[in-house]
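Scroll down for the structure; my scribbles are underneath it.
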């Protein structure tokens, strides 16, 4: 009998670097003040940063984007497509998860080069397409792969 | 005065067999990793199994599909039809039940040959049509009747 | 930079075997009807079984014992000691976690021979000392180590 | 008519430095893996870091210690004293705040040299006296004042 299986998860050092690089990108690109949440493969928070000037709900939204992506196994773009097709299913999962399913861009799965799931990043504060762009910049800064849920080619 | 009435409910042995058979079907059919929840007639969990590789919200969704079917008295197909006709009613019941109404395929009532309600099965992890197919395979493996809420002929 | 770290988690096959062995022990020992929840290292449910005759809250209690042990990093015996010393701290964490901290025997961490954390088992239905005894029987049936939070020798 | 008043709050740069310095102290002192949450004066999260190996509830507890200190206006030592005198009041506020009142050491208010409130730090993972010690090290690393709620001399 196979008793166990292995999971690979983001280290603190990696998560912290992703968070700082996400905000560095946002500053360089002249974005509005952002918040960024980095979750490990268990869905627990590893690193979080919020810039000065963010509004009050940024933690809930950033963490909810990341946790919803991990909860469903898809990046925000795919969640948004599915929400368009099945709005009442999304409503149900939002209620089941205390709101932790935010079906827009800016929730991004983190994978290694082999496609193994390592964690997720959520960003909030700008247009959701810019939130996603900042998250991708953070993830690629450490050489990992950002899975935004884009349509398969 | 009639003091009592009878309930008929799935036994543990039956529920466990349904859960194992649901996953056996999924493996044979090459489905994505699934979770399966089997509830007794009271709505309490009798058996649950989650394959390796499921995302974080699979318990909530599988159990929510089964409980929602029992809660409303219809399988997922009928819940989905009614959700299309009465979306605000479905929203209200989702809020009342903490999200435990998931109006898509994959929540299936379990009945005996006489149509008596015995419990419900919920499956999550694949396309909802495949979730339902796996639940039906589990229920029929013990000789019981799967009520998916299909349109009456 | 160390990007990732590894987690080891219970397989479905292992979790299912633990659940069945827990109940087999309970039947042999003449215990009251039990429920058993087996969680992986992420805190998500892998396997659950409830015997015929359990009362309505057994899932919540069994899963809450296991999740509370994983949440705090201690087996139920140590949680019970700490609850005696710091009852208001326990109250706070119960509220923070939706009640998923049950500081009595019957929440048991699962470790391998090297002490690595793999998941947790929660049992409910009997006196808590018997709940724990059944969980330990389940865990040792697969050759893994049960950490009940007993005082260090 | 006085239309406005001023708030002074921790900047992101300051909050991030406090979080990193808290964990640096913990590593040097050989503590168990910690999580640290830094809140601004509004009670919103500015910076959070969790070391590898923390158990699942560390965010909730660390953030709950910091938010509870801000919510009541006292550091954890004073919250603990008051909890001893008024346990039912503490229970009520825990229920009102979803558990975000954790009346033990490790929730520390951040003040400037004039005593002005700027935010709060919460630490979880070790004995609460060590949690507090790490939070104080983080706060003093930026030249600010740690208010642990110690008895007035």
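In order of appearance the chains are A, B, C and D, and numbering begins at 1 in each one.
Note that contacts are C-beta pairs under 8 Å (C-beta built on N, C-alpha and C of every residue); 3 or more make two chains touch, one makes a residue touch a chain.
The structure presented is a predicted model; accordingly, all values stated were derived computationally and were not measured.
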Query raised in the report: Which whole number of Å gives the spacing of the CA centres of subunit A and subunit B?
Result: 30
Report summary line: Distance in whole angstrom between the CA centres of subunit B and subunit D is 45
Query raised in the report: Between subunit B and subunit C, what is the gap in Å from one C-alpha centre to the other?
Result: 26
Query raised in the report: For subunit A, which residues are shared contacts with two or more other chains?
Result: 5, 11, 42-43
Report task. Name the shape of the chain contact graph, picking from line, ring, star, complete and other. Result -> other
Query - Chain-chain contacts as defined at top - result: A-B, A-C, A-D, B-C, C-D
Query raised in the report: Inside the complex, what are the residues of subunit A that reach subunit B?
Result: 5, 43, 67, 70-73, 86-89, 91-97, 101
Report summary line: The answer for subunit C against subunit A in the complex is residues 1-11, 13-14, 17, 41-43, 112, 118, 142-144
Requested in this report: Report the residues of subunit A in contact with subunit D in the complex, numbered from low to high.
Outcome: 11-12, 15-16, 20, 23, 42, 44-52, 54, 56, 58-59
Report summary line: In the complex, subunit D touches subunit C at residues 52, 55-57, 60-61, 64, 68, 83, 87, 90-91, 94-95, 97-104
